[in-house]
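Structures given as C-alpha cells follow.
Paired with chain B in one complex and with chain C in the other, chain A is shared by the two complexes that follow.
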Partner chain A sequence: MTDAVEVKTLIIDDQEVSARRGQTILEVAREHDIHIPTLCHVEGLSNVGACRLCLVEIKGSNKLLPACVATVFEGMEVVTNSERLRRHRRTILELLFAERNHICSVCVSNGHCELQTLAQEQGLTHVRMPYRNPQLSVDASHDRFTADHNRCILCTRCVRVCAEIEGAHVWDVMGRGINSIVITDLHQDWGSSTCTRCGKCVQVCPTGALFEKSKIGTDNPKNPDFLPYLNLMREAR
Partner chain B sequence: MTIEELEQIAESVRRENANFDYEVSVCMDLACASQGSDKLRDALLRSAEASGKKVLVRRTGCMGPCSHGPLVRVDPDKTLYGHVSPGRAQGIVDSLGGEPVAELQCELNEHFDSQMRVVLENAGYIDPEKIDDYIAREGYKALVTVLMEMTPGGVIHRITESGLRGRGGGGYPTGLKWGTVAKAAGDVKYVVCNGDEGDPGAFMDRSVMEGDPHRVIEGMALAAYAVGASKGYIYVRAEYPIAVSRLTMALREARRRGLLGINICNTPFSFDIEIRLGAGAFVCGEETALIASIEGKRGTPRPRPPYPAVSGLWGKPTLINNVETYANIPPIIRNGGKWFSSMGSERSKGTKVFALTGKIANTGLVEVPMGIKLRQIIEVIGGGVPPGHTLKAVQTGGPSGGCIPAEMLDIGVSYDALMAAGSIMGSGGMIVMDDTSCMVNVARFFIEFCMTESCGKCIPCRAGTAQMYTLLTRICTGKGTMDDLALIEDLCVTVKETSLCGLGQTAPNPVLSTLKYFRSEYLEHIANKRCPAGVCHMHAGAEADVFAPAVSQEVVA
Partner chain C sequence: MSKLKVATVWLDGCSGCHMSFLDMDERLLELAELIEIVYSPIVDAKEFPGEVDIALVEGAVASVDDEKKIKKVRAHTRTLVAMGDCAVAGNVPSMRNPFGPEAILNRAYIENTTTQQQIPCVVVPNLLKVVRPIHEFVKVDIFLPGCPPSANTLYTVLTALATGQPVDISSLTRFGA
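And then the complex of A and B:
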C-alpha cells in the first residue's frame, strides 16, 4: 500500500477494477458502471458525505464508509449492495419521507425527483415511522423561482453550487438539527436577496424544493449535468 | 526564565506564606460561589483583620465535594468546614489556634482518602488568578526543564510511555496522536485545546480551567514543543465566562513571565495561545466541527479521513486534545512516564476526574485511579444514595454513554470495561440514579438532548434522533406499541452505523443500554401503561387516541 504507486487495483462487488490514486470509491464505481445510490453528491460540486446513502462496506472493517469521499487503496475490497446496506438505505429514505411533507402526487417534480426515484429503486413501499408533518413556509417572492421548504431534504446542493460555482453564496443553512432550513442571505426573502438569478440551485435541487415558476405540474425536469462541463471549461481556461 | 528563576519565585511565595500562622482557603468555584462564598470571603477577610491573628485568606478553585458547599479549609490543621454562611466567618477566625468549630466540620476523610489526585492536585490549594501560586507548586517546571534538556521526540516518548489516553471520551492514545502530528509534513502546525464541555451533568473541564488554568496552558505549550507548533487555540464555550476570564488572565500572566511568546526561555521555541469562544453548540466538541467553528464557519463535522492530525485547522496538521488530557501532561513530564503508568489498570493508565451528580450524598468532583470499582466510587467516595432509596443505575459518558445497572457495580472503571458494559468512559460525567428514576424517561431525555444538539447535516442523526424522540415520547405517555419498540431498535442500529460523526454514532447508546438492562420497564410502559418509577404521566385512555398516526403509512409515490 505504498503511495508511490499511482494506480491502485481493488475489488468492488467481486469485480476487479483499477483506479488512480486519490480517486473516490464512487468515482471508480461509476467508471465501471457499478451503481451506488447518492443524494447529496452531484458531479461538479464538493462532497460533504451527508446523505449517508452511498455508504459501502469495506472487507476487514466494521465501519461503513461514504463512497463519495472515501478514497481507494490498494487491495481494497468494497461491497456496495449487501442486505445490511440496503436496509440502512431504506431506513434513511424512510426518515426523509417522514421528516417533511413529501407528497409526490401534487409535486412539481413528480416523475423527475431523485428522492422518488431512489425510493422506487431501493424498494421502499411503506414508511413505518410517524410522519412529522411540520408546518413550513413556501417562499414565492422571487420572480422566477420558488422555494418550497416542505420538499427540501437539506442536501445542501443549492448552498454548494451557489458558493462554489456561481460564487454568490446566497444560500446557506440556518438552525440546527431537525429545525435546520436553507435560507437566502441572512434569512431574507429570496426575491429581495442578492440572488444573481442564475438558476443553478434550481437545476441541482434533487426534489421539488426549488423550482421554476413558469413550469408547473410534472413538466419540470431538472438538468444538473451542466456542472462537470462547466468545471471542465473553467479548468481549460 | 530559568529553573533558578522559577525556584526564586516559588521561594518568595513560600516566604510570604510563612508570615501567616493560618491559611484559610475559600472555595470560589461556581457551586460554592452561587451559595455566597464571595460574601463569605469578604467576611473572613474582615474578621481576620479585626482579630489581629496572622491569617491568609485565599480564594481557590473547586475543592471537590460541591454538595457540602460553601467550603472552607483551614491549614495547617486541614480542617474542612461545609455549609459555611458569611455569618460563621467570625466563629471560624475565633477558633483558629483553638478547637475547630464542631458543627461546621465535614467528615469526609473516606471521601478524600479513596481518591488519587493528579489533575486536581492544585485544586483548592492555589489562587487561580495568581501565576506565582502555581509556580510555587512546581508549575511550569516541566516546561522550562523540557525546553532546556529534552528533544521533542523525547517528550513524545515520555507521553507514549505513560500510556495516557485521550480524556475527552474517545480514549485515543495521546502519545500516538502527538507522534502523528509531529511526523505530519508542513512547517505550520496548530495545537488546539477542546474546552467545549457539553455533556449534561459534567463540569470537570470547567473546574480545571477555572481552578488551575496554568496547568492547561503548560500542557499545551509542552504539546506544541513536542509536535512543532507555534500557535495554539483554546476553544471554550461561552457559557463558561469565569473560565474564559481566568484563562485570559492566566495567558496574560504567562506572557508577562516570558512563559509564552517569542523565544520562550531564550530558546528558539515560540508559542502563543488564543482563546476562541464557542456559541453553544454541543456538536462543536466534535473535533472537525470544532475546527470549522474556529475557522469561523458553521460548526458542522466533516467526514474523516483526512484526520486533523494530517489536515486540520486551515488545512494544517493540528493536534486536538481535551482540557483534562493537557492537564495530565505537566505531572507526567515532571515525574516520568513510568510513574504515570504505575497508576491505573492494564490498558487505562493514570487517573480520571469524574463529575459525580444525581441521587448521591457527596456530589461534586472526584479523581480516582483508573480501574477502581464503580462500587467504591458510589458507595465510599460518593457516600451512597440517600437513605430509604436503592441504587438503580449509573449513567456514564453523557448522551454518548449508557446506563450501568446496580448489579454491575463491581466492574472496574476503565475504557474497555465500560465499553463492554455498553457504556463509555466519556469525558467524565457520572449520574447516579435511584429507584425514583424511570429509565425510559432517562433514555428519552438523552435522545432529546441529541435531537436538539444534532447539527442537521446528515440524515440519520437529524431525522433519526427526532423519530426516536417521538417514539419514546409515545411510550412515556402510554401510547406506545410493541411496533414502536421494534422501530426504535431498528433506528438505533441505523443511526449508530450510518451517522457522520460521533454525536450521531453514539446517540442511540442511552437507549440501547437501557433496553439491554431495563427492558422490563419499557414493556411495563407499553403493556400495562404504567411507569414503575412513577415518573411518566400516562394519558387516560391512551389506547383510544385517534390522533396518533397509524404505525404504517403508505408512501405516496
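And then the complex of A and C:
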C-alpha cells in the first residue's frame, strides 16, 4: 500500500469534479463553489447530519443523503438542487419555525440569523403548519451570556464546540424528540455551571438562542470563522 | 382602464404596516393612477365593499371580531395579501400564545392596575385562545413578510399586481425585515 491519495471522480450538478477518498460531498461541493445550504454544519466542528438541509440526490438511489456526512465514491452523480430537494428544504425550515417561538422582529439575532437567512434564500414566505407555541424558559443566570430556548433549533453546534474545541463539554442535550433541550452541566443554571466563559458557543449559535448580554441586534453579528483557524493552529503544534 | 379597487384592513397589529404604506410618500400619487383605495383605516368608508381587487391585510387573527372580519374580506376580495409578519406568522401578537389570553388579561387589567380592576367584557370582542396567522382561517394569495414590509416592498408589489407583472417576494423582504 502506498500513501498516495486516492482520487475519486464524480459529477456534482453536471460538473465533473475530483475528490480525495473520504471527503464528504459538502466539502467537495464547496471546493468547487457549488452551494449546498446547511444549518447544523459549521466549518471546524464535527458533522452530525442533524438538520437535513444539505440533503442531496444521488443517481441510482432513491434515498436522499446529507451532504455533510455522506462521503464520495467513484462515479457518483450528485444533484444538489432540484424541485424535490427545494420542497424538502422549505418543509424542514417551516417545521423549525413552527416548533418553537421564532419571532424574528423582536429577536436579538434579527438580521444576522442563519435560520432567517435560509428561509429567505429558500423562498419561504410563510409556514403552512400550525405553530406549536411551546412555553420555554430563558436562562439569564450567566453574567455574560443568555440562553433563550424559544429560539433554539437543536443544531448542537454549542454542544460540539464546547466538547471538541474548548474541551469543557458543559453543553449537552436533554430529553427526547420534541422535548429535547440543550442544557449546561446536569441541567444546572448556566451561571452556576462549570462554564469556562469562553463564549465559543455563542459565536457558533446560528440563531438568537445563545447571545452575549448587551451585545444584541443587527450591529452584533456572530463570528464562527475563528474555528478553522483554531484547528489549524492545533494541527501546527 | 378602470382603476383597481384596493382595500387595506387592520387586524391585530401595531399599524406599522399601514405606516409603511403611507411611507410610500409621493409614490402614492403615482399609484393613485392605477389604484383606488376603497376601504381602509385611513379612508372614510365604514363598510367593506362588495367587490375588491386587492386587499392588504395587516395583523394576526386574535379575536372573534378579527375572525369575522377576515372571512368577510376573503369573501369579497380577488387577491388577498397578508401584509407583514403578524398577518403572515402571528409575530408579536402571538407571543401571548404560550400563556393564554386569561394570563395576559389578568396582567394588563388586574395585576398592573391599582384602580378599577376588571377585565373588559362588553363592547370589546372576546380574545381567541391562540393568535394565528390569517392563512389558518382563509386562503391567502400573496404572503408579504416583514416587520413592517418596507415602503419599497409595498410599492414594488402593488405596482406588479396592478400591472400584472410577476414579483419575487423573497428578493424583496423576509421575516423580521
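Throughout what follows, the second predicted complex is superposed on the first by the 232 of 237 C-alpha atoms of A that agree within 3 Å, B and C clash if a C-alpha of one lies under 4 Å from a C-alpha of the other, contacts with A are read in each partner's own complex, and residues count from 1 in each chain.
In this section, a residue touches a chain if its C-beta (ideal position, glycine included) is under 8 Å from a C-beta of that chain, and two chains touch if they have at least 3 such contacts.
What you see is a predicted model, and the numbers here were worked out from it, not measured in a lab.
Of the two partner chains, neither chain B nor chain C is touched by A:Arg21. In the superposition on chain A, A:Gln135 makes contact with chain C only, while chain B stays out of contact range.
Residue contacts after overlaying the shared chain place A:Leu95 against chain B, while chain C stays out of touching range. Contacts of A:Cys51 after superposition on the shared chain: chain B is touched, whereas chain C is not.
Of the two partner chains placed around the shared chain by superposition, chain B is the only one that A:Pro66 touches, whereas chain C remains out of contact.
In the overlay built on the shared chain, the residue A:Gly111 is in contact with chain C alone; chain B does not reach it. Looking at the shared chain after the overlay, A:Ile103 reaches both chain B and chain C.
Once the two complexes are laid over each other on the shared chain, residue contacts for A:Gly177 go to chain B alone; chain C is not touched. Judged by the touch definition given at the top, the superposed model places A:Gln120 against both chain B and chain C.
Counting residues of chain A touched by each partner, chain B versus chain C, the larger count belongs to B.
Chain A residues in contact with chain B (one complex) as well as with chain C (other complex) are 97, 102-105, 116, 119-120, 124-128, 130-131.
Chain contact summary for the complex, chain A toward chain B: residues 48-52, 55, 64, 66, 69-70, 87-88, 91-92, 95-99, 102-105, 116, 119-120, 124-132, 153-154, 156, 172-173, 175-180. By the touch rule above, chain B contacts chain A in their complex via residues 281, 298, 302-303, 451-467, 470-471, 483, 487, 490-491, 494, 497-500, 548-549, 551-557. Of all residues in chain C, only 82, 85, 88-92, 94-95, 97-99, 130, 132-133, 135-136, 140, 143-145, 147, 168-170, 174-176 touch chain A in the complex they form.
Partner chain C is touched in their complex by these residues of chain A: 97, 101-107, 110-111, 116-117, 119-128, 130-131, 133-136.
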